[in-house]
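Right, I'll just put the structure down here and ask away after.
Chain nomenclature is as follows: A, B, C and D, assigned in order of appearance, with residue numbering initiated at 1 for each chain independently.
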Amino acid sequence: MDSEFRLIISCPDRVGIVAEVSSFIASYGGWINEASHYSDPVSGWFFMRHCIRSSSLPFGIKAFKDKFSPIAEKYKMKWSLFDSSMKKRIVLMASRESHCLVDLLHRWHSKELYCDIRCVISNHEHLKRLVDAYGAPYHFVPTSRKSKENAFERIIQLVEDNQADLIVLARYMQILPGDICDTYQNRIINIHHSFLPSFVGAKPYHQASERGVKLIGATCHYVTEALDAGPIIDQDVMRITHHNTVEDMIRLGRDVEKLVLARGVRSHLEDRVLVHGNKTIVF
Amino acid sequence: MDSEFRLIISCPDRVGIVAEVSSFIASYGGWINEASHYSDPVSGWFFMRHCIRSSSLPFGIKAFKDKFSPIAEKYKMKWSLFDSSMKKRIVLMASRESHCLVDLLHRWHSKELYCDIRCVISNHEHLKRLVDAYGAPYHFVPTSRKSKENAFERIIQLVEDNQADLIVLARYMQILPGDICDTYQNRIINIHHSFLPSFVGAKPYHQASERGVKLIGATCHYVTEALDAGPIIDQDVMRITHHNTVEDMIRLGRDVEKLVLARGVRSHLEDRVLVHGNKTIVF
Amino acid sequence: MDSEFRLIISCPDRVGIVAEVSSFIASYGGWINEASHYSDPVSGWFFMRHCIRSSSLPFGIKAFKDKFSPIAEKYKMKWSLFDSSMKKRIVLMASRESHCLVDLLHRWHSKELYCDIRCVISNHEHLKRLVDAYGAPYHFVPTSRKSKENAFERIIQLVEDNQADLIVLARYMQILPGDICDTYQNRIINIHHSFLPSFVGAKPYHQASERGVKLIGATCHYVTEALDAGPIIDQDVMRITHHNTVEDMIRLGRDVEKLVLARGVRSHLEDRVLVHGNKTIVF
Amino acid sequence: MDSEFRLIISCPDRVGIVAEVSSFIASYGGWINEASHYSDPVSGWFFMRHCIRSSSLPFGIKAFKDKFSPIAEKYKMKWSLFDSSMKKRIVLMASRESHCLVDLLHRWHSKELYCDIRCVISNHEHLKRLVDAYGAPYHFVPTSRKSKENAFERIIQLVEDNQADLIVLARYMQILPGDICDTYQNRIINIHHSFLPSFVGAKPYHQASERGVKLIGATCHYVTEALDAGPIIDQDVMRITHHNTVEDMIRLGRDVEKLVLARGVRSHLEDRVLVHGNKTIVF
């Protein structure tokens, strides 16, 4: 696909925003591939995402930003402009389970996900062989009780060295320190293996079995310091019956986890997710 | 909810349409509740739906139309402008089965569907009592082989007398004559009890059972002269197993039929369905 | 359908149960329409449901019970035997909202649910007209703060007078006193408008909106004294987006509520639900 | 899990089958892990699957078969007895697309699928690297117009050399010759990328886009000589909108294809699929 500029805007709602933005784009001959609007009647905020074919514009991203700035100021916009041809840099983190990790690697490898997977960090060694097949560097960073502090220093170092735009916790079973959550606000995506807010914390399938639910689920969300409480990007569920043991749930749940995480990561990579308070707008 | 004007546009895609339309709206202080765009890369057509708070504009629907006409001409638009406070007039048609009919009546009665159900036409007498409870006039128009021609004359008369904006075939098991289909193009909604294009025509659940499918479905579509081949508005399915007999499918299928028909009718009533060729854009 | 006897069994698992039960049935020429087994590896209990064509047996339900008793004792079974031709007597309870109530009445009226709806009890008056159309007696029992105690006495009286086998809370927004819950253990079905255990208690859609979930749901469960914590019979969800307001959720959720409640009630009426601890086996 | 014997039975329905079979099992102290029955009221056939803990029986599979034979003859059963500890040997076949292939390899590698993937056959060379990572032999067998006949001879040879119990067409885009379909009746599983019987044959997503459907699907079925017409094992769908191009459908559809194929293969490996005529019973 031709590259496009993605203009993402949040601002207090008022008359004339769409007119001003679209007139700006049209005045330079910009061809709009896709446009989405949402006016939140509760918060009184307005959200907007435009994809403009880059080749239709007479200037690049830097000039676009300069020229658009006055409009942004006028409407007190929070805004970003992304070039779709710039691959976002991702650091993947995983623990023992490989399903989410390999799923993302395979979508990347088969060009379904447009991004740059810089490396994989794991607190286990055994996933190395599969990761190698996909050609991604593998860093084993153990997180035993003793080594934990060092581990997170090493992890931050790796994330910084790789200039990561996004950290994806592909079933990484460790809780990240609060300062990492803060530094990478809305840039760390986690997959939780329950339909949040049900079954926060450890062993959600065991909790689900205990409660006797008839559906199990998974939730993809941005990580905040509060455990499993960050803005939800996507969720899904699948039906189970009394026949299904906890082991079945763990097995069946993998398919939902993979799918929901992949959808959430894709939405993020396409700059479709706008966070407002603790909620998301997903265009 | 406050009333709103809904501006529905289809036209060949080109630069500046959104700018022109939104500037027009903004120039009169129009507050946009909702806006949806779609640019079809295959056909090269552009589709658009705006909901503008009526009270924010200094004029009514007549003046809106007059003022907007030049823009519409400039861009060769097919367009409509609807006042959301004007209830669309509906004629419901049913045969022996009551589930879709009562479902729509109940949604109307509980104010979930904003419309004016003018009357029910059925080729059976026994649904009268339930329809009476909802306060809708009931017309029994038999369609025996002999009376068929007269029946459709009578039906056209009823539709015209009621100035129907929309005819809904709520499991009306008769094929409408071609001239009715033509006259009311994109204004007759049918629910077909299969996941089209599988199982066109009669007894789709029997066909489904014969083929051994693992999902059954329903399709809500606009009626055209070609049987079960009109533009699809909505579809859904439900899982069945080898345990389910044809009778089970008929029973289970009712829930999908009701839901899909109600969603399709609602989308139509909210002016969300744009037809292009044999396909729909549902905003 | 021909009538059938439904033999429902729970007992500690051991070798020979199925052989003993099926040999018993075969020895009298009993034709099995349907049989389901479940062996719970965690609790070590065994669950079983047989449907035997009544006309294939040389005796009636009384003799069946007498002859089967020794087997039941031998295996320490909790067991019941139901005659499918005996309609279960239901008391429906509703508050202001009509969707679940009318849905159940319509399924009963169109013979989809085989039961005897003895009456409707509501703490509001306005649903009477619709209930009348279905020919079910309507009892208005107000539950103002003052009248509450009297109200529940009146309700118990109505339930007893009607010899109800089952009480269905079709969005009855009052909490039942603990003694009613105890007396009618596993015979009161409630529909809760969330995907339990998320959003227990009041205003679950408001809670859901607050948390920013991407799916809303409904849960059909037996009522226990602990609020929204009884054994779950069925659950389902539907997808929402950031566009959907709390009002949308309330509207959309109705379709899930109706469906899940109807499925749960049907399962109960067909003697498919076995309760063990706080969990259900649904054959 | 402990190994178990799986006894699979189809026979004309009559009184006493369950009693006879379960008494046989009980008489040897056999512990039943799982039992499923289905009596088809249309065909008058009875279907049954028992899983018996091997260690609870005083004999092995050979003696089991000998002892059970008289019962099987008495009831004119078609029957099989499988030892769950014997891995079924699979030959995977793929063309250009890797998603189904890698999905199955990964489920096998992570021990989710209990089987022996003997080799992968592809008419393209480029998937070799990924297959190597999973340690499965890779055979490149080109199928140009000229080489086709030789290709299928080579394929048969590979299948025979590997004593394959099952051939899985993981998006293998070639039509198998009729004699292979006959020889491996109900032992070749295909994934078709549409919701059959809609969109038989080539380019089903293009057909789906042309027709304007609102759901796309995938179908897992046994291969017969008639194209895409064999017994259906499993199906599923996902929702699309007017926004989704054919390319989107191809991408989104992959997730349904993978899931449906994996479920179908798993059901087959667990001896859950019984074929009767052109339909399946999936226990």
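Throughout what follows, a contact is a pair of C-beta atoms (placed from the backbone, for glycine too) under 8 Å apart; a residue touches a chain by one contact, two chains touch by 3 or more.
The chain lineup, named per UniProt: A, B, C, D = Formyltetrahydrofolate deformylase.
Note that the structure is predicted; figures quoted are calculated from it, not measured.
The chain pair with more C-beta contacts between its two chains, of B-C and C-D, is C-D. Matching residue numbers shows that B-D is the pair in A-D, B-D or A-B whose interface repeats A-C, with more than half of the contact pairs in common. Taking the mean of the C-alpha atoms as each chain's centre, chain B and chain D sit 41 Å apart. In whole angstrom, the spacing between the mean C-alpha positions of chain C and chain D is 37.
Within the complex, the chain C residues that touch chain A are 38, 40-42, 195-199, 211-215, 217, 231-237, 241-243, 245, 278-282.
Every residue of chain B that touches chain A in the complex is listed here, in rising order: 15-16, 18-20, 22-23, 25-27, 29-37, 39, 56.
Within the complex, the chain D residues that touch chain A are 98-99, 102, 106, 109-110, 112, 129-130, 132-133, 251, 254-255, 259, 262.
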